[in-house]
Amino acid sequence: MEDTGTVVAFWILAALTVGAALSVAAVRNLIHSVVLLIVSFAGVAGLYITLSADFIAVVQILIYIGAIAILLIFAIVLTPRAGRLNQEGFMLLPALALAVLVAGTMIFVAFDTSWAISERDGFEETATAIGDLLLDKYALPFEIASVLLLSAIIGAILLVRPEGAEEGPE
Amino acid sequence: MTIKSEPFVVNVGPQHPSTHGVFRLRLTLDGEKIIDADMIMGYLHRSMEKLAEERTYTQNIPFTDRTDYLAAMTGNLAYVIAVEKLMNIEVPERAQFLRTIMAELQRIASHSMAIGIFANDCGAWQTPVMHMFRDREKILDLFEMACGARLTLNYMRIGGVSRDIPDEWMPQAHKLLKELPKRFAEYEDLLLSNEIIIARSRGVGVLTPEQAIAYSVSGPMLRGSGVAWDIRKADPYAAYDKLDFEIAVGTNGDCYDRFVIRLAELRQSLYMLEQALDMMPSGPVHQRLGTSTVQPGTQPIAPLAFRPPVGEAYGRIESPRGELGYYIVSDGGPSPFRFHIRSPSFINLTPLKLMAIGSTVADAIVILGSVDIVVGEVDR
Amino acid sequence: MDSVDLEHFLVIGAILFGIGLYMSLAKRNFVGVLIGIELMFNGVNLTFISFSRFVESAEPLNGHIFVIFVITVAAAEAAVALALAVLLYRLRDTINVDQIDLLKW
Amino acid sequence: MAIILSGEWYDLRDLANPIRELIDALGAPDAVDYVLWSLIAALAILIWLVVSVIAFIWIERRLVALMQNRKGPNRVGPAGLLQPIADAIKLLLKEAITTRDADRILFWLAPIIVFIPTIVVFAVVPFGESMVLADLNVGVLFLIAVAGIMTPAVFIAGWSSNNKYALLAAMRAIAMLISYELIQVLALLAAVLFIGSMNLQAFVSWQDEYNTWLIFILPLPVVAYVIAGAVEINRSPMDLSEAESELAAGYHTEYGGIKFGFFYQAEYMAGFAIAATVTTLFLGGWTLWGLEEWIPGWIIFLGKLYAVFFLYIWSRGTLPRLRIDQLMAFAWKFMLPLMLVNALVIAVEVVVWEETGASRNVALPAIGAVNATLAVILVIGWARVLGHGSGLQRGYRATLTREIGKIYYTGAEVS
């Protein structure tokens, strides 16, 4: 990908994503942390667009910002007496070491391997193709995923149901 | 679905769009559900009852305007009835009819406002209020013709009314009476079966008749709980014993009932007004209070100072908000020894806590709107 | 700097994954841990998509499909995790993972 | 992204195209004219938005005043036309107060974040034949995704104010937006199923080609989308998150000056965005049965957009507000099942049409009639099933009596 727009966009988005992600870890206030996480998600969505994955980019915004970030916010507001701080526990140094190690290894592998780079251009349109694949080749995993979602919903409701909740509608 | 949360205290008022003045409601919430409600009054306290003890009986009439400023006529009326009882004054027939007409016009004006504000509290952004203002303006015009003021009228006098109505008054009143039924039909069409109003107010803020009587609420609040009680019928004053009308009562005691009762009372008031205008006798509109105190002049103005006999009197009327009573104790001096107002807004407000607990914040506002308080009267 | 290649995206994915790993291990607050997990998901997704775009393959869109499943699972995981957090809070009055040590010996 | 050349004089792109050629002639690199072209188009949209908002502040106030039997702004300038400008100046010059206990950063950030989705939506909306900033293949999904950003923005505003009204409103807003996002998605899903594309321009050309509007074929999704849109832009009867009579001003209670101005403007822009979506997806966008040959497409488009937006002004002037639990019940108990059934039916219809290969003159009216009938049956039937028109949902008049002291209480039904 050599055209100027993409390159410029990539560097801006990369800086945004990584910067926001680093701040998420560094910032002390949990709500700020979630807001920065949203920025990071948006940055990743932008990166998807530079990778010509328009459908995934939109889904990223829809699910991660519109749903998961909101769930995190809900988790925060529903636990009012818990701390709002986002500080590290006693695992700080081991975790840091491990994270650096893992990321370093992956970066090393990324540069060390000679990938079979294809010469094709970006995808023209992915939504239709993904739809076809999902309902054809990956139909079974697709159904399983929907069952998973359903059971997750039921599980979540069962978990937060207060003990002795009245049966049926009020 | 209930997710337990911390109790959460919200102050509605004293500065809040829906408290109808400076009234404060401290709600303790669990989520949006009210688990406790405290009413904190007194932000508009002007010490009227004490001030009145320093002024003469006639000077006190303007104070009564300023308690329930949305229904100044009825405030005047209740007070002068109390003083007349104290002094045993017979009021001329024409004055009685004028008082009745003014009180009923005032009821239409006040109920219009109450209905509009109630719809506003249900969330209809200003539109009902503005439409109701249309009628109210016309009525205020009539008041202006009769006594020169629009809001604080000071029209009633001890022994009658301050002056007779001008000649143009009657035709204009008849014109208004022709116009109003169309308007009322419009309001009934728009509000009575409005899905959202029904959803918001039915089954909300229920007060059973036992509770209503125990809290000694009155007016549309009491009738909303299904108790057919109206002082105009139970203890007629002015010219009400000569008029035919019906009492509107509800069956469920909820906010919707209070609201439909006000709508129905608009019609009843109109019916009474039609009769009263037809039956209006001629004659003096003021009873002179003894020769020694009469002031010269063509206008029958009550004397500024007089000394009623020692005693006490309680004058009560059905104001738009309920039983408005003035309790006056005289020690024979020129000003009352004790002056107490039984203000319906204040007493109707007391079961608010009872009605609000268990409902949501939005309901509390609707309930407050259905009580129809005037903070000037609550705090006096 | 004048062209963007697979390695660039892989590096960003790796950094996101590292940050997420660090957060999920080190943070005390349960929500902080969740945030870390979501960041890890994002790093992985980015890697999938960039492989899908750059690497020679008969069916290049498979990467996208994987990402869709990952997002689905992430949504389910977030919902259940939220429920767990709320339940935990109700039982223990805290969502500090250091203090939730009932299973410790 | 290819630059689509258009020969029409009124195309905003053509403001950009001569400049592009000029720059090309000067030998500047590609990036320069790419950026310049995008800037001009984006700026045009932004200017249109700001002008529209300013105009509609006046129009809405006058229209609502008309409904409310009063005059509305009529003092500043002729017929009060300069009132919005006076308002804007007032908002700009006011002190920007930040309350003591507010979360300062987020408090300042929220008005800006609220702005983003409302503007970004217009990137994919076709104003005319080639007047679309980004002709995205997943346009419809993009609309939904971008609208989703509203949710955190409103929450941030409510949370950071550190005000109880604002927090309550923010919680309401989140619950509402999430619930109605679902309805929105299902409504648009029905349309996408029918058209078979998520490209907004494809929607317009489909409706142009088949000489109809989707509103005639899919009445239920349109209604659902308009209602869900009202929730998203906080218009009555769904203006719960800024319920004036309950929560003072909801999530922007603590905002004043230009920060409030941002919210105010964003509300209008979000309204235009919803109206633009409805126009494009269901009302034929910039086409009007051949009239677009004679009148610039964007004028037709804007005309339709403003007409849809008028619906929201109208509802604001007339309807009371629902309670939060009623609003949620309406979404989950009433709309969601209907929309699911509707989506299923439309999928079946599309398959049947494909299988039978009926001509469009037969198929489209048939499908439209079936859908309309079904919509009526579903709405009325489902409302009946849910107990509408009985018990607590029934209105009545007061009982009239002459008997003093009798008790007419029949026992309360409590909601």
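First chain written, first letter: the chains are A, B, C and D, and each begins at residue 1.
Please note the rule applied: a residue touches a chain if its C-beta (ideal position, glycine included) is under 8 Å from a C-beta of that chain, and two chains touch if they have at least 3 such contacts.
Since the model is a prediction, treat every value here as computed from it, not as a measurement.
Visitor: Any chance you could check whether A-D or B-D wins on number of contacting C-beta pairs?
Guide: B-D
Visitor: Could you name the chain whose Cα mean is nearest to the mean of all protein Cα atoms here?
Guide: Of the chains present, the most centrally placed is D.
Visitor: Taking each chain's centre as the mean of its Cα atoms, which chain lies farthest from subunit B?
Guide: C
Visitor: Distance between subunit B and subunit C based on Cα centroids, please, to the nearest Å.
Guide: It comes to 65 Å between the two C-alpha centres.
Visitor: I'd like the Å distance between the centres of subunit A and subunit D, where a centre is the mean of that chain's Cα atoms.
Guide: So the centre of subunit A lies 28 Å away from the centre of subunit D.
Visitor: Between subunit B and subunit D, what's the gap in Å when you average each chain's C-alpha atoms?
Guide: 43
Visitor: Nearest whole angstrom, what separates the Cα centre of subunit C from the Cα centre of subunit D?
Guide: 33
Visitor: For subunit B, which residues are shared contacts with two or more other chains?
Guide: 3-4
Visitor: Listing for subunit A: what residues touch at least two other chains?
Guide: If we look for residues of subunit A contacting two or more partner chains, we find 55, 59, 67, 74, 78, 81, 126, 157, 160, 162.
Visitor: Can you list every residue of subunit D that touches 2 or more other chains, as numbers and ranges?
Guide: Subunit D, residues with two or more chain partners: not present.
Visitor: In the complex, go through subunit B and note every residue touching subunit D.
Guide: 8-11, 16-18, 29, 32, 119-127, 130-131, 133-134, 188, 192-200, 202-204, 206, 208-209, 225-230, 233-234, 246-254, 256-257, 260-261, 263-264, 268, 360-363, 365
Visitor: So in the complex, which bits of subunit A are touching subunit C?
Guide: 1-2, 6-7, 10-11, 14, 17-18, 21-22, 24-25, 30, 33-34, 37, 40-41, 44, 47-48, 50-53, 55-56, 59-60, 63-64, 67-68, 71-72, 74-76, 78-79, 81-83, 85-92, 94-96, 98-100, 102-104, 106-107, 110-111, 115-118, 120, 122-123, 126, 129-130, 133-134, 138, 141, 145, 148-149, 151-153, 155-157, 159-160, 162
Visitor: Show me the residue ranges of subunit C that touch subunit A in the complex, using the header's touch definition.
Guide: 1-23, 25-32, 34-36, 38-39, 42, 45-46, 49-50, 52-57, 59-62, 64-65, 67-69, 71-87, 89-90, 93-98
Visitor: Would you tell me which residues of subunit A are touching subunit D in their complex?
Guide: 3-5, 8, 29, 31-32, 35, 38, 54-55, 58-59, 61-62, 65-67, 69-70, 73-74, 77, 125-127
Visitor: Inside the complex, what are the residues of subunit D that reach subunit B?
Guide: 64, 67-70, 164-165, 168, 172, 236-237, 239-240, 243-248, 316-326, 392-415
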